[in-house]
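The following blocks contain the structures, represented as structure tokens.
Two complexes are shown next, each including chain A; its partner changes from chain B in the first to chain C in the second.
The block that comes next holds the complex of A and B.
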């Protein structure tokens, strides 16, 4: 018995060919079948994502006369207005993201600690603004914040201020309006990640001698960071390309990247320059996402945890 | 001194604990004393209140009434972080954003222990749970058994007065679980901390405990040493929950106990009157040749239903004259194997007078 099995399986001398051709043909057929099933999706991705981005990139390489040139990219370094727009865009995105974190973290924390039913009712109020048009909400803020708007007239009537505060048609107005629109994008992923934090971990923290505040600081907060990070990235990236609210609330004084694109294409009909703006925005966004991925990866290997 | 023996162990006095969740009573006037250094297991089916009691001891759940005294000091209203009680959670509850070292150092950090002493104590705790050199590992790089050990090290590194364990082995596979049972018991013997252990696994409870409190519907049915609990269950629930049992209805008349028309010989004192159940463990039943009781043996006639060979032992299902099924188990010694009963064969089941245990029929 043992000698027989040794001769069958021993020393790698056994290479079966029984039905080998049929089986490999079958495997090939299966791969082709799977590819055929995938093809509608691949076609869609190709026509609505790959082709337009390629086209955008292609357009950006031609100047107004239609000649191939790098002039559209050179402009970023030569014209101060471009650099100003770039800085404004990041400044607005930074302030809005910061305001969203300050408002959204406590909100998500409260939602995560509420009983299930109360939490789902409160969630409706977080999601409700999603169902209202951005344009309507922005005009509403304009009404509330303008020189003779609700806030200023109330504050003056109460005698808190004598001159109306500049709340609209400037950076402050843009940040307030955009924060309102962006908040759910931070709260929802943050809430989802807070819900996954094991309550036993918090109990363990207290059991091991950490006060409730210390448990929050040393356990809950670090464990909520990945959710916070994804919310921050979503909000920041959305801010970079935002158009409606800055266009209305900025009163023409706050020029962001997307508005610049609109100007170049519709006002000056310079498609090449507009395309170059798009390509740079896309590149910056991808770089940010890459940085985020890298940070998360670093966290997974324990760089963040060695405190 | 770190991880010293016995002197730090304190007794726990639990009395009059009441807990209701929205009108439903989960613990009813529960009282229990745990001796210093004792390994006490709360054993019961799910919903018996054992985990709730543990949560009340740890301070995560507030009781409606009652008192918990640790070494004479009332802690019922003390917040969990000031109780100084170690706990091992069912899912370990290790902190996923910290490595093994920081997990175990956590309770020391809260107590402002110096870095040098922390390192030394964590090292010794790791050594104690046989994880030496794994301090830098991430939690998700550990196997289930290793996580279990880290949770244990974290629960004892700050020398708590009491250690609570909530089904800590339930997530492990069978062989590792059995190994860890022995290891936990040995660790308890070395460190001597007062331990309250929760499980629904009666075998685990018997293996590890000094005493077992069997819980049912928010009450303690019986609390005793494992061997007493097994040999002399006081209620039908305890008899049914711990080990396998045959229940044979008997009647008490005039100070003696009758099974049908046979008077039972027994060494324990018979209850005066009423219907009771005789609890007979499968391994206490045996096949006897004589049809009549003789000496200290009670004999009950039966018919063999099925015989199942299990290698080291065999199980025989037999039907009594009243149609009731009983189970008999015996080891496969060669003399027994030679005379294995066959299905349909009439047999006589023998029960020694010492093994007759009665519980109230409910």
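The block that comes next holds the complex of A and C.
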């Protein structure tokens, strides 16, 4: 608009520069204003999350005498208890992620195939647990799985078993409870990505003579892989740092990474060691997410160009 | 989208899929249903279905000073978190939506940091920071920590509302002489108010259900409901928790339905 009015008066260069000044001042004011809108939130996040984590990272670099050392990290390879914690954590994360895939894929597939109304009703059953407190759901599984819990008393009443099965306060209990909590994190992104799969592709496959099973295997499944991958990564990463369920359902025998961090800092007040655990956990989390983004970026474009 | 269910596969052929999916739905919803039913049991033993019915666990919950205090603390913190996180998140979403700022990568990474960073690390870090500045075991400290965790949800919810809103309307209002704030308040806000309300409800429930950070930074008179529940669960399985859990489940249902209702109004 400014150049138009400038050329109308035949003094393009002069008013042009004048306007450029005003415009750039205006743009500066605009971005300052926007920054002012963002700054309270950013400042809060920076102070409460970034600063303490940076501080903890700094602490982890010193040993108990205050000298600069890698002792806090070397411990992870030397002490058997730390190695056991890492093995347990990855074992639980693998089991839970696997269980979530086995349960979540058919679930999401069914949701994506149902008529819209039925799907939105079924979706409530996924979203409601998602927004129910983790504590409430862990408590429910304790009630269901413990020694004198519902499953054991039913099975004994039915005469299937004579001795109660060890379902809670061990690895099995932790995996069952965590699977229940993680499942929506897999189903929701997977369902969203399945909804974007074009039915025409499937119909074309069937028109060309593919059986329903072959259509699923050769067309639907490959197209759903990016969604599945994102669900798997989210669940796996969340499992690595999960605290509440293993703390309550592990019976003190299943020590996962986050519990170890809590014990080291709260019980033993060893901030350096706890901080080092946190730094490595954050590193692994970010590395997995970064790797996934890199892979999926390539795959997503691959899927796109193949269509 | 193409016509639904247009594949030449009948529902009958899909029965196995519906069966399997139904079982998983059952797995997801059964624990909550069992807890709600058991909360009305008269027995201290865990029987299902209960033999006798009563409201005694609700009486214990509402009659206990400790549980009531913890509930009051949690409600206070959740309301304040909602009141702080909603304007901050809305302002941030507005600025991001304009999209002229540089370093959007850094801004987005910071705002969503609390969704990505393991909560246990946030808990220990916050405790460590608060120990230095004396905010442990205070309401202010809890509200600040919960606001940080609720912020990304508010930002994402409001942002999705703004994305489906035509910013030119605000430009029109401003060209007609309204200043930026009143243009936002009178033109933009009424049209995205449903996403703002949804964001606020998510902020409330995020704070109310938060466990890990509260375990570290709350205590004494500011013990939150979740912290007290966590400690009670570590000791023994008290049926009072079933009554409290039922109240929490009902709260989730109410808030989710409200968010859903407002979301539909868009």
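Everything that follows uses one rule, which is that the second predicted complex is superposed on the first by the 244 of 307 C-alpha atoms of A that agree within 3 Å, B and C clash if a C-alpha of one lies under 4 Å from a C-alpha of the other, contacts with A are read in each partner's own complex, and residues count from 1 in each chain.
Throughout what follows, a contact is a pair of C-beta atoms (placed from the backbone, for glycine too) under 8 Å apart; a residue touches a chain by one contact, two chains touch by 3 or more.
Just so you know, these numbers come straight off a predicted model, no measurement behind them.
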Taking the superposition on A as described, I'd like to know which of chain B and chain C A:206 touches: first, second, both or neither.
both
Which superposed partner A:30 touches (first chain B, second chain C, both, neither)
second
Which holds for A:101: it touches chain B only (first), chain C only (second), both, or neither?
neither
Applying the touch criterion given at the start, work out whether A:171 contacts chain B, chain C, both or neither, answering first, second, both or neither.
neither
Looking at the overlay, what does A:129 touch: chain B (first), chain C (second), both, or neither?
second
Could you tell me if A:198 is touching chain B, chain C, both of them or neither one (first, second, both, neither)?
both
By the touch definition at the top of the document, which applies to A:214: first (chain B), second (chain C), both, or neither?
first
Check the residue A:288 against both partner chains and state whether it touches chain B (first), chain C (second), both, or neither.
neither
Residues of chain A touched: more by chain B or chain C?
C
On the A-aligned overlay, A:222 touches which partner chain: chain B = first, chain C = second, or both, or neither?
first
In the superposed arrangement, what residues of chain A touch both chain B and chain C?
198, 200, 203, 206, 212
In their complex, what parts of chain A are in touch with chain C?
27, 30-31, 33-35, 37-38, 40-42, 44-53, 55-56, 103-104, 106-107, 109-111, 113, 115-116, 122, 125-129, 131-144, 146, 148-150, 153, 180, 183-184, 198-200, 202-203, 206, 212, 240-241, 243-244, 247-248, 258, 261-262, 265-266, 271, 274-275, 278, 281-282, 285-286, 289
Write out the stretch or stretches of chain C touching chain A in their complex.
1-2, 4-9, 13-14, 17-18, 20-21, 24-25, 27-29, 31-32, 34-35, 38, 45-48, 88-89, 91-92, 94-96, 98, 100-101, 107, 110-111, 113-114, 116-122, 124-129, 144-145, 147-148, 151, 155, 180, 205, 208-209, 211-212, 216, 226, 229-230, 233-234, 237, 241-242, 245, 248-249, 252-253, 255-256
Chain B - residues contacting chain A, complex:
58-60, 79-87, 89-91, 93-99, 102, 106-107, 110-111, 138, 154-155, 158
Chain A contacts chain B in the complex at 198, 200-201, 203-212, 214-215, 218-219, 222-223, 302, 304-307
